[in-house]
Amino acid sequence: MVRNNILKIENLHVSYGPVRALRGISLEVYEGEIVVLIGANGAGKTSLVESILGITPAESGRIIFMGEDITQKKTEHIVASGICLIPEGRGILPLMSVMENLQLGAHHYKGDISEDLNIIYKSFPVLKERTKQMAGTLSGGEQQILSIARGLMSRPKLMMMDEPSLGLAPVLVKELFEIIVNLNKAGYTILLSEQNARKALQCGHRGYVFETGNIVLSGKSGDLEKDIRVQHAYIGSAL
Amino acid sequence: MSFSLYYFLELTAIFIILGWTLYWVYRIGQLNNAPIAVMAVSAYLCGYALLNWGWPLILAFVFGAGCGILFAFIPALALGRAPAFAMVICTIALIFIMQTVFRNLPWFGGSLGMFGIPKVKKLLLITYCFVGFFGILIYRFDHSRLGRAAEMIFVDRDIASTLGINIYLFSVCLQVMTGTMGAVAGMLYVFTIRTIVPTYFGFAFLLSITTFIFVGGYTTMWGVVVFTPLLWGLTVILPESITALRNIIFGILLMVTLLLRSEGVIDKRFLRKINIGSKLVFMKIFSLFQKIKDVRG
Amino acid sequence: MKAFKILCVILTILFFGAFLCFAGSGKEEEKASAPAVEKEEAPAPAEDDVYVDEWVIPGINIITGVAAYHGMLNEFGVDLALEEINSAGGIRGKTVRVRWYDEAIQDAARAIAAMSSALDMEPLVIMGPCGDYTKAAMPMAVEEGVYCLSTLTGTDVCKEFQPWTLCFTSEFEPQTLVATDKWVELNPGMKKIVHFINTQSSVWPAIAKAEDKGLHKLGIETVSIDVPNDAVNFGPFAVKALAEKPDGFVFTNHPNGMAKIIIELNKRGWKDNNRMLLSQAALDPTLWSVGEGYLEGVYAWTWYNPVSDNPSWQKLSKRHEETFGVPASFMMVWKGYDELYLIKRAFEDLKITGDPAKLTEERIAIRDYLNNCRDFDGIFGKVDFIDGIRQNPTFLFKIEDNYIANTTILETVY
Amino acid sequence: MEVFTAQLINAIALGSIYALLVIGFNLLLVVGGIFPFAYSHIVVLSMYMCWIVLRITGDNLILGILAGILSGTALSLITEPIFRPLAKRGAVLSSFIVAMAISMIITDIMSKRIHGGVVISFPLTLQGKEALITFGIATITAGHIATIAGSIIAGIGFFYLLYRTRQGRAFRAMGQSPFAARLLGIPIVKTSIFAYMIAGFLGGISSILLAMSLGSASAVLGDNLALKVMAVALFAGLGNIGGGLVAAMVLGLAEGMALAYLPGEWYQAISFGMIMVIIMIKPKGLFGAMA
């Protein structure tokens, strides 16, 4: 069945002053998919994610989301139209309570959000216990869950995650990827940029491999996993 | 030379020394106005020694400087670890406190002040000797091991302490050193004015120095040297018709400069360009000489 | 790099050398008195021609800063005088112009810059600094030997720089004695008085001391309360005063503070305004602006008569009312007017030529003439100057419907 | 006993003046990301605007009050584009100096261009000619009640705004981490403009309350208030809004009592000395920063 295209990037160029971070990137994301971006640090994964959200301006190329060109749009409009980013290092507000962080997640939505809160509290009971606590007092894992929950509050059509497994204990990483898969089953399209290539490719449908600002390889995650170059570079050879 | 030129040069030198005291302590990220309070202490004590005890000039000068340095220790020891803004308000408070203290102590002539400080011959030469001396001191500091340590503290205090730099001691030494410069500047200022009143070392003085250093550039020592004469000269030669607008012109100038170059006109990048540029020019001249010598040789 | 190190060493040695010569310069014996000690006869220049084609007199004034209205009112008075003099043929046939320099307020560096630019004009006389920092600018003028009309900076400062400066305020002690005697006489039965003072100003503490002395002589106890310049709320001072259960008040602080404290006292039940005496600096426009409606019956003493019927004062006061809507009373308004007429009289009587060759000679002539100028026809009528100090009578008056009424002139013996 | 209550009322009035100003100061500091030294000057300039309108319309109070509030808001909004590049670069120190430059310009305008620079005083209808309640020498004037009530209402309203409303959460988020705020879709420019507007609005109201309680305004009032408000903010901890209110009351009481019971000439040294000692002991301020 033909799934409609959520996100389409055509020949995107992004640079920070003299440094050219992205050199002509093109990729697509279809509804209900988990697309994985793997690559070394500084290969341009974070720059791509930030330029989609409009934080770093794109020099040339186009970003089309749900058929609408959002390249020049302001971040607040992009977030309101349904893209959320769970940033590297989780980006929660430590001196505000868990409840306030969640409420901020739905900042662009002016209506009643208590119904969304209940869903979140049902699916993540740990947040319900700590709802009045300052977010800074939560553990690493809990902060990651809060970050994801806050993303959900904005009712996204596309969830972008930038290295969510960073700094988590192995047992929590497993739990994290289960959450990602469950979310996907619940209908959320996810764009996952990850260092942990093995885990990411296992739960992802398709993947792109980044190197110094351009895509060197793309395809189904199964094929990528078997590809020798990917194994050498990111998974560590199975030999 | 004409009066206005003489006093222009004299006051520019004193403003430059005080600008450097702000620059030097800001090298480790602290904004310190204590030298202006130290100015008051050294000026008053030097004046008192001259007028009441009748000491010779050089002895009174050294006595004033000594008391100034001792006094500079008090805020330095207390403010070693203070963050930038806390230090600003503390030292401004110290200035007002010293003003009140000298106004109410019976020996210093109260708010009427002290009169009749003798005129010092060749004061201009002496002032510029001190400017040169302090300039060399700061230049050597900037290009020395200490300068690099200060840069490290400015960038990140925690990493600096991991490298074994004792930030507290560094800050105290810098504050006492700039206190000395403040003491010397205070006495030179009083020898220029030849009367002392508690409010000489107050808010108006602070405002002009802050303007000079922030427009000139507070991350390099040359910003103050270039911009103090420019800005102070500007206010002196303003034509009669627009002297009334002096404050507004100053305010707008300050605002525009800081918006365009938030670190002042002469910042580190500007200096690097000049260094590279001057080396190129120097090379060209040098090679020109070579050619002439070859041709003649 | 090595060359640079050597250069540094040489420079440092040079500086210490200069430092030593600093030691050698020693104290230069130069008291404030004039170099030429003996008083020679003022030279009457033979020919009557005037060297300059226009008299340009430098004036140092408060143009910028928070007290800019002082400078503006000073210029207001001088402009009127210039109009009158120039329309009546100027001084010795030549028109007069005043070149203003700005000394700002409480900024010594500005005061020096203003005075040095004025001195660079090789002037015959300077319509002197009028702010708190006259003392910063005067040593320069005294050393150069130029007479400065820094008229309102108090007798103490004037004595320091005598004979090179003129003072419109006379000795405070005799004046306050006469004023407080008359005031106590009009309000019998006062035992204890609260005295609001301001220790931050350089002129007012001396007046306060003289007033205290006068009151103590009459057996009245005084309690001093200091009102600082930057006070925002004046309630505490009024309460502190009322707590002393006084019989009356004397104000020797900033007019803005005077008016505010009087309002606070009235609001806290003090009704007897006659038992309040404002010191000589009170007649600032601030007093009328802030104190409107509360000053009924308050006494004040000054050394000039703000309701004098002298035609020139009436003219100035009328023009002041047309421009500002309030009749003139502030000393800054008329001080420039009298200064300019003093200069006119000196130039004409001494036949000043303005010839650069005779500059020093003429400066000393002007100095000696003005220091002891007899029955000068000022804005308030005839007045004498002895040793640079103006001999004023003392005026005590009451404030009615926000202006000055029934003035009594008290003869003062100096 | 009357004397003490009278001095207490004065001190509380002084404290509430500082509290009113420190709220706007902290808001601009937290959300605007700048050091708003010129905030008190903007408040005093709005007092002047209110006075001008009162004179033109012949003491029509409603128009005067409206003028004060509108000019406070407008002036604060005018400074927003000036500070925006600095806030974006996070150059707080440069914003302190630019604010000082603005305060120089405002003081110059007030000291020459309005009423010839002479101190302006407000009509008695605004100040209240007679004291409302008097017992002995202690009096409570309309101005006192207005400022105290005003500061309490402003404090509570401000807390409600910050901790209970959507916009308040956006303010605090921007204060703590502008990057995270952007990710959450908070419009950075619109929010900071809104923050300037609220601070300006509060400044306008404070200018009216100040006119009622002080009864007059002068060019130098701006500088005096600015120094005191900066001291209060630092005393409580930069950006700490709750702490700012408490510190304003504490400093107001201390200064009021110092004015009342200590010898006058040492008052300035003591009040500044106290601030210096506290900041030396706790450089981050009494309550720590950015709560």
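In order of appearance the chains are A, B, C and D, and numbering begins at 1 in each one.
One rule holds in what follows: contacts are C-beta pairs under 8 Å (C-beta built on N, C-alpha and C of every residue); 3 or more make two chains touch, one makes a residue touch a chain.
Keep in mind the model is a prediction, meaning the values are calculated, not measured.
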| item | value |
| --- | --- |
| Winner on C-beta contact pairs when B-C is weighed against A-D | B-C |
| Chain ID, smallest distance between chain and overall C-alpha centroids | D |
| Centre distance in Å when chain C and chain D are each reduced to the mean of their C-alpha atoms | 36 |
| Between chain D and chain A, distance of the C-alpha-averaged centres to the nearest whole Å | 44 |
| For chain A paired with chain B, centre-to-centre distance based on mean C-alpha positions, whole Å | 53 |
| Residues of chain C engaged with two or more neighbouring chains | 64-65, 68, 199 |
| Touching two or more other chains - residue numbers and ranges from chain B | 103-104, 203, 244, 247 |
| Junction residues of chain A, two or more chains touched | none |
| Touching pairs - complete list by chain label | A-D, B-C, B-D, C-D |
| Complex contacts: residues of chain A adjacent to chain D | 53, 55, 74-76, 78-80, 84-85, 87, 91-96, 100, 103-105, 107-108, 110, 150, 154 |
| Contacting residues of chain D [partner chain A, same complex] | 166, 169-170, 172-173, 176-177, 179-180, 182-187, 190, 290-291 |
| List of chain C residues in touch with chain D within their complex | 64-69, 72, 197, 199, 224-233, 235-240, 242-243, 256, 259-260, 263, 267-269, 285-286, 289-290, 292-293, 324 |
| Complex contacts: residues of chain C adjacent to chain B | 8, 11-12, 14-15, 18-19, 21-23, 25-28, 30-32, 63-65, 68, 99-102, 104-110, 112-113, 115-117, 119-120, 132-133, 135-136, 138-140, 143-144, 156-157, 160, 199-202, 205-206 |
| Chain C-facing residues of chain B, complex | 2-4, 6-8, 11, 15, 50, 56-58, 61, 103-104, 110-113, 115-116, 118-122, 125-126, 129-130, 132-133, 136, 140, 189, 192-195, 197, 199-200, 202-205, 208, 232, 235-236, 240, 243-244, 246-247 |
